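You will see two complexes here that share chain A, one where it goes with chain B and one where it goes with chain C.
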Partner chain A sequence: MAEWQDPHALTEGEFLDEVHSFEFWFGAVEGYLHDRPYGYDPETEDIEMDDRRKDGLITTLCNYCVGETAALEASSGMIGFAPDRASQIFLSTQVADEGRHLEVLLHRLTMLGVRDPKREIEARANRSLLRFKERLLEFVDGHDWEAAVFAQNVILECLEFTVFRNHAQNADPITKQILQGIVIDERRHMGFGENDLGRRLILAPHMHDRLDRIKRELDSLVLTTFKQTLGELGLEGDDAPDLASDYLGAVARLGFGT
Partner chain B sequence: MTNFLSGYSIQKWLESCPQGYLEDTVYGHEAGEKEPETFFENEVLREGQIRSTCNLVLGERAALAASSGLVNCAPDYLSKAFLATQTLDEARHVEIFTQRLFDLGVSPANLESTLNQFGNPHLVKFAEVLLEKVDKGDFVAGVVGQNIVLEGMAFSVFELLHAGAEADNPKFAHTLSGTIADERRHVGFGENRIGSLIKEFPEKKAECERMQAEMSGHMLATFASAFKQGEASNEEAQRIKKEAGDESHAMYHGVDLSAANTEEMEAVLADTVLKEFKTRLGRIGLEYQSPIAA
Partner chain C sequence: MNDTLISQAAGEDRPRQMYVLEETGFKEVPKKFRRFYRKWGGPMDTLAPNEVLCPVCKIVIRSLQELRAGDKVYCMPCMSRLIVEEEDGMLVAKVNY
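Let's turn to the complex of A and B:
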């Protein structure tokens, strides 16, 4: 590992180089991925699930795979037009994170008896989430850095952070550990988005209106996705967690209020 | 295919790379290792090291752009996952070779101008041929160009540099050891994954072969100009070694790098890479083409 340096002694540029580096990423993930192949402690026993619960979980995990594939394709596509080396390297760590998320979720689907995950994902994918993915990749294909960072590292990461964190509270022990590992990564990705856009907004405050328009467009897709996810997990009615408020709160904490 | 690709999973990568041969390293080498003092006492040597490292950075930047660009057009989840690990490997290579430039005294503010000053224009053209395929979303040609041609070249260049550094510069030799291990995995993926795709899409053969011939031409031009520019540095290193009474030998494919001139080095490197291309292309069902002169 890199020798520890007092972060207060670094210039802003040096600090960003440090926290966006492979070395930093490796130090961050090492603790929670060691001895956890495919994201969970192999000693953990899987629980018996009735068919309805298992089917709901499979649909949910299939949709998580859609979200993670969107994040993988977007973050890898963004490397080509990232504004500096530190951002390129951070995004490369994010690519590996998103690839890992996809892999552990696919592995969990296999454990649940899904033989052809690709076909299953296509059959069960949520339309709102697919539309979200389409919009995100349009920003990436258009090399629109601010919109892509906003849609990917703020909106999508907040969506996943909110859903995974809530789902982990009620999940079976293996899914719970997998989701908790993913949530830690999402926090790092959100931090990058907040930091990058925060610095840009100081230099170009007018950008806020544009990001706000993008947020309003994507919010409706996010909120529809939440509703369907809760239904799949059997968490409807008064006891259902208020994902919409959680999500809007998380986005607002990053500086993008309603 | 699924079984073979499971050997290239992120889980396997985590265990073998960050939790394996990179564990306890700092920018790819052991903590506390430094560049040899002679580089800082002799400007010809230092410039030679900066020049060659600049080209490593540029090559790795091209590999990063290519591997990240290929994630989207990969036809299956397992290939996407492997390319995600390759993307991070290439970013790490960019980072460690950039750090080496800083260790050699290049200031971060002068990084881009130094790369412009010492970057080899033939290497830029080599990368352009590959990135054109990636930009078009051509997965088969992209992987042949990236994982067979570019990585095959990088693998041999790293081995040559490693042989030269092993005795006198353990820091750089250790840095290169990790990159060699990475490149071996990348080339392995290319050979295994593309073989089946070439069988599935035989119409892609001619295009891939043409690309290999073009890239090989730019690669040979890169070697020719890089070794020509490295002449003074090589002679200086050999003179210092002789004066110090150092009789150690650095062998690379039968050539003693401690005594060879740059023309001999260029010849053995070019010969090694082209032979490797022939073997690897044959394995995936492509016919090696003579380089098109750049």
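Let's turn to the complex of A and C:
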């Protein structure tokens, strides 16, 4: 078997079959998760945190758990009404990713001394994010593919991608590794969403207005949550990362205004 | 990234430069595709003639040949199909849904 293969020589059909497959997923995650139980190198030493920093991190991780739970429940539900086999198979890899994200984040919470993560998440969950989750699951319950993909794989995944990437740059060494692993997974999830919707909008441009209304309803809920997250992490003021940049880029490519 | 250049010629109609791609430590796709991608180093990162930045996921896509406007490339880390375009004298990748 050849040592390497030129991906750009694939036909579009071959490319889509490849990247949506479980085989591709196995080969990808093996590269960055092997020998990293719970998402980090076990040789990494945890650092001492003062109470304020630790409390801010716990609140942040609790809200990440809310987002990951929303994505886990939604992506698993979407398999049942996905439009084709390739999307079903891809979503099954996304379910595995989201379940892993939830597990590693819960594990990190226990490392930080949280004895009852479920109760802590309920106590610290941001209301805007809970409202977003509720609406996302309504789309899933209604078998509304376009709305569910837009809410989950474009809005939620793009914003998580940006927030986790920026948080990782300023995080303690263990949280940093955990977030970097999640960010790599998020690339696939948001790319799937943007490309799926992009193809659909070309074939059915009348969907645009409905998705635009959903965007206007939901993106502020997630943006509000993650702006608060930055505050909890102490990333505020002039040095605060532009949370909306990746998201706005994605929706602009899909033809939506800001 | 400085991959080994294996052919070069001058002039407008010159043949494309060809490259031997080296591993870059990128591990986010299966092994057989890894040398075709690398992490982006941010705004100060210089792209080689056989490289273009994915606008969706900010990974550098690499080719065996010098890229030119109209070329089709794939970003496997985010599953995007892209077309290379020239913009302000620079090559950029645009998503081709």
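The rule is simple: the second predicted complex is superposed on the first by the 230 of 258 C-alpha atoms of A that agree within 3 Å, B and C clash if a C-alpha of one lies under 4 Å from a C-alpha of the other, contacts with A are read in each partner's own complex, and residues count from 1 in each chain.
In this text, a contact is a pair of C-beta atoms (placed from the backbone, for glycine too) under 8 Å apart; a residue touches a chain by one contact, two chains touch by 3 or more.
Since this is a predicted model, take the numbers as computed values, not measurements.
Once the two complexes are laid over each other on the shared chain, residue contacts for A:L179 go to neither chain B nor chain C. Contact with neither chain B nor chain C is seen for A:L230 once the two complexes are overlaid on the shared chain. By the touch criterion defined above, A:F22 reaches chain B but does not reach chain C. By the touch criterion stated above, A:L106 is placed in contact with chain B alone, chain C being left untouched. After overlaying the two complexes on the shared chain, residue contacts for A:R85 are found with chain B alone; chain C is out of touch.
Of the two partner chains, neither chain B nor chain C is touched by A:C62.
Once the two complexes are overlaid on the shared chain, A:V149 sits clear of chain B and of chain C alike. With the contact threshold set out at the top, residues 2-3, 23, 26, 30 of chain A are in contact with chain B in one structure and with chain C in the other. Chain A meets chain C in the complex at residues 2-8, 10, 12, 15-16, 18-20, 23-24, 26-28, 30-32, 161, 184, 187-188, 190-192, 194-195, 198-199, 201-202, 249-250, 253.
Touching chain B in their complex are the following residues of chain A: 1-3, 13, 17, 21-23, 26, 29-30, 33-34, 37-38, 69, 72-73, 76-77, 79-80, 85, 88-89, 91-93, 95-96, 98-100, 102-103, 106, 117-118. Residues 21, 27-36, 55-57, 59, 63-64, 72-81, 95, 97 of chain C are the ones touching chain A in the complex. By the touch criterion given at the top, residues 9-11, 14-15, 18-19, 22, 24, 26-27, 31, 64-65, 68-69, 71-72, 76-77, 80-81, 83-85, 87-88, 90-92, 94-95, 98, 108, 111 of chain B touch chain A in their complex.
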